[in-house]
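Take a look at the structures below.
Next come two complexes built around chain A: one with chain B, the other with chain C.
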Partner chain A sequence: MFPHPRLAIATASVLAWFLLPQVLSLHYLDVLNFAAILAIGGLGVGLLLGQCGIVNLGQAAFYGCGAYVTAYGTTVLGWPALPSLVFGAVISGGLAALIGFPILRLSGFFLALATLAMGSIAGVLFFEWDWLTGGTLGMGGIPKLSLLGFELSTPGRYHYFIWPLVVLLLWLARNLVDSRPGLAMRAMRDAAPAAEVLAVDMHGLKTAMFVICAVLGSVAGSLFAHYVSFVSVQSFTVEKSIMFLLVPVVAGVHSVFGIVIGALFVALVPELLSGLGDMHQVLFGLVLVLVVTVVPGGLTGAFKQFRLIRRGR
Partner chain B sequence: MSATVLTSAEDLQASEQQGAVLLGMEGVAQSFGGLQVLRNVNIDVPQGRIVGLIGPNGSGKTTCFSIISGFLRPNAGRVHFAGDDVTAWSIQQRSRAGLVRTFQTPKVFEHMTVLENLMVGDYKSTHTGILGAMFRTPGAGAELSAMRERAKACAERFGLAKLLSTRAGLLPAGQRRVVELARACIGNPKVLLLDEPSSGLNSEEIETLRHWIVTLNREGLTVFLVSHDMGLMTVCEKVHVLYFGEVIASGSLAEVQADARVCEAYLGV
Partner chain C sequence: MQHYTSLLLQAALSGITNGFVYALVGMGLAVIFKGSRIVNAMQGEFAVIGALFTVLALQGGQLPYPVAIIAGIAVGAVSGVAIDIFCVRPMARRNASEEGFLLLTIGLAFALSAAALYFGGRDSHLLPGYGGDGVIEILEATMPVHAVWLIVVSLVVVLALRLFYTKTLLGLSMTAASADPDGATTTGINVSRMRLYTFMLGGGVGAIAGILVTPLISMNYQMGIVLTLKGFAAAIMGGLSNPLGAVVGGVALGLLESLAVIGFPSGYRDVVALSILVVIMIVMPHGLLGRAGRVGG
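Here is the complex of A and B:
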């Protein structure tokens, strides 16, 4: 139908990005911006899961770290947004290296449980260290982001800023997956002993990817803090970590650009179902079960399968 | 140990034709809990030769391979390779030094294409890091292209050219074995350890495998081979026989086949 389907998808995406703020309500623009934030944090989890075979159930720890550093930096210390964001990413990356170095010796369920424990401990610390985080009262007054003197104070303006950033990060991730380190990651995911025999430093590579995942989580947290201008412990629970994990699972763990579809699904479907009343969370759970059961390769996997069947015909 | 242990790269070159020891185990012992798997094992693999290791199930052959390739640290004894004591080296260090193994069940990277499998074989001779890869620096791009070209050339040589874009997990056992062999060879190893390479292969595939072992050896590759397949073992110039963790005979295949202890313990004649 289209001679260049990728070009058609890219053109349609750019048009949608440009036109959506003109046609969507503020509420749905808000949801789209949250989807972008989910995509950034979920990209880190997706790289770990899809390329390295590591389940990270603690991304909310780094998401929270980024958000609180931005909140503290901009409101208490009076720092500009960019240094706060970078400092949050550095702290998150450093913590990920410190935590990841010992726990990444584990594998499978044990590693997943270790990351879950990390996320839970971070949640408790965010709550207990109220002198730093504001505890349940949270921290407010976080300034809106400004870009070249242009304040991103509305969902529409934020939309024009955050989605190109998502595309840039996806492009960087795609480059990584298609590179020499990317080949090594996928090799250790598929057959770890064979990768070791070919001189792949698995522990070093896993730790580096854990750091990248944490940095992405932290950047997502900082962007969230600027967007909502208020952060509190309720935003950084284990439930949030599971949402980040759902993004690549729904998208299809091996797909990088599919992360956008996963994030849109996780952000939009509960909103669309919310019109059905109190049961909408249960329905969302059912939809998720249906997706992972019917299309275990995720939505992008289903799309690939569909294309193969069509070619077969 | 009758053969000389090499001490330097110059010695190595000079004695290439003399069959000096390139790889060896000296007095290696290994136990798992109360079970003594290897006892004072001495094995030497001379440069440029094909050496075999045979023995009944549970005799410790794969444990020997795991110790040589670095998956296990022996309780006693040492492993030396190209003049170095590599006993404490990691798997990766040994691999970079030129010691590469294959596995009893071929371990291909199932979700990757044949081309990508071969490119991973080139990992140790390339250097692109994570940041260079993410920002697609010119060096990273050039290196990736070179890896791709070398992998294609390797695929051509091993008869895999038509399978380059096939997912390795979809290949039958024989082709998986060839992919594993090609992947191991692309990094120009000095020694190739083949663990039961003929298991699961039909007679035609075994002939192909034999062809590759002999061809690679003629080109200078030293091969250390574990197999139950006595037909395949005929490619070996020297064979060690392992029985309950001890080397009970060493020599040519004909010599060990004539050894009374071997006949009784392993060949059952």
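Here is the complex of A and C:
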């Protein structure tokens, strides 16, 4: 019926995206904006998992770092938004290089638990350094972002700002994956000894990837701080790190654009199940276990398999 | 001067008590790693399940304390079996990766902690201590009677595990099944049955940990991840596949933690413990006991 079904789908989804703020309630727009923030932080975790096979259970550390630098910079020091965001990203990236250099010698379970320890330590420090972070009371009054004199003060306006940013970052990530270092990383993941023989600097590449992951987490944190204008330790727990990890796991680690599907899933499903009270968390957990045990390729992987089976017939 | 020595002694005593708690969780981790090569990120949840079920049986079911304890341990063991049958077995059949198993146990930890919230509520629960709530005095420091029981039971469990793994055919078969699955199959060992037993044992030991801790630290649905992390630190220091090593690691960790609190504000206790964990993993990948510690136990 359509000569270009892909083009039709793309046009339809852009149109739908554009019309969403007119159709959806404020509450669901809010959830969608959180999904976008999750997508940015989850993209970093996904690159690390998909390209290097590294499970990062400490993304909340960098997410919190970005959020607190933005909060402190814009409220206490009176900096504009962009320098705060960049400074947060620089600090996060620097920390990631410092921490990553020693711990990336580990692999598998041990590396994952080292990142979990990193996330937990960061959680304690966010709590204890209340002169900097406000502790459990948090920090409020973070100004809304404004773009070209246009204040992004409502969820609808933020929607038009953050999703194009997500798409831009995903596009950059895909270019990275297809670039020469990306190919080197794929070689490192699939055949480490062969990659080493071909003079791939594995430790350096892993560290660089860890830094990129941290920078994305930090940017997500800064955007979060501007969006809700209030940050406190409750937002940067180990559960948050697990949510960031789930984004690529649900989506399937080898698909960069699948991150959007994963983020929508992680943000929307608990919301849709929330009518069931505390039971919704149990169901969410079971869904996750089901995804890991039954469809290891994630949702995008399951879709691909389904198409292959249909084509086979 | 007198004051400082008693402070130091008190810190050491509570450090040793905490250390045995970590050791118990670490032992369960070691059992599961030994028998399946999986690091179980939900080991702490076994402790939560066992403890909360014992509380339920004791207070809701009005069962006698020993029966309630046995019921709690049985529930831990049964959940271990269920996890092996429903999750690990299908994944092992398609040769899932190490990351896959890690993600599985993280998902399970999430689901079980949510289930504990749903069925057990937000409240924290305490169990009565064995030997009452009395304390014994050692010089100028005190120690709950229950803590002595905790240490004694931990030592009994670790000795029993050691005898089981070195002297019985079943224990040796369980080790063989994970060390060399193909070789074990050739000699007639049912590898997947052995993994089932491993998870049963790991779940049971995890539940024992939870039941022993609950008279000292009140148990709630959020405790699982903390226990898992500390237990993992203990197990890592002991070489990961050695239950006896977990005791050495746990006590070392507990002592370091409580002595660090003398110098730092108490909030930094976890920072100290987790930093030690990371440094040990990097510097001493075979644990405090070295390569030799991996063999026995």
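Definition applied: the second predicted complex is superposed on the first by the 305 of 313 C-alpha atoms of A that agree within 3 Å, B and C clash if a C-alpha of one lies under 4 Å from a C-alpha of the other, contacts with A are read in each partner's own complex, and residues count from 1 in each chain.
Following the convention adopted for this analysis, a contact is a pair of C-beta atoms (placed from the backbone, for glycine too) under 8 Å apart; a residue touches a chain by one contact, two chains touch by 3 or more.
It should be emphasised that the depicted structure is a prediction, and the values quoted were computed from it without experimental measurement.
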Would chain B and chain C fit next to each other on chain A once aligned, or clash?
fit
Go through the superposed model and pick first if A:F265 touches only chain B, second if only chain C, both, or neither.
neither
Considering only C-alpha centres, what angle arises at chain A between the directions to chain B and chain C, nearest 10 degrees?
80
If you stack the two complexes on chain A, which partner ends up touching A:G182: first (chain B), second (chain C), both, or neither?
first
In the overlaid three-chain picture, which partner chain does A:I212 touch, first (chain B) or second (chain C), both, or neither?
first
Touch check for A:I103: first (chain B), second (chain C), both, or neither?
second
If you stack the two complexes on chain A, which partner ends up touching A:Y68: first (chain B), second (chain C), both, or neither?
neither
So, A:V55: does it touch chain B (first), chain C (second), both, or neither?
second
Which one hits more chain A residues, chain B or chain C?
C
With both complexes placed on chain A, how many Å separate the closest C-alpha atoms of chain B and chain C?
11
Overlap of chain C and chain B interfaces on chain A (superposed complexes)
none
For the complex, give me every residue of chain C touching chain A.
39, 86-87, 90-91, 94, 96-100, 102-104, 106-108, 110-115, 117-118, 225, 229, 232, 236, 265, 267-268, 270-271, 274-275, 277-278, 281-282, 285
Chain A partner contacts - residues on chain B that touch it in the complex:
69, 71, 91-92, 95-96, 100-101, 103, 107-112, 116, 119-121, 123-124, 126, 128-130, 132-136, 140, 143-144, 147, 180, 183-184, 187
For the complex, which residues does chain A have touching chain C?
49, 53, 55, 57, 102-103, 105-106, 108-110, 112-114, 116-118, 120-121, 124-125, 127-128, 238, 242, 245, 249, 278-279, 281-282, 284-286, 288-289, 291-294, 296
Quick one: which bits of chain A touch chain B in the complex? Just the residue numbers, please.
172-173, 175-176, 178-184, 186-187, 189-191, 193-201, 208, 212, 254
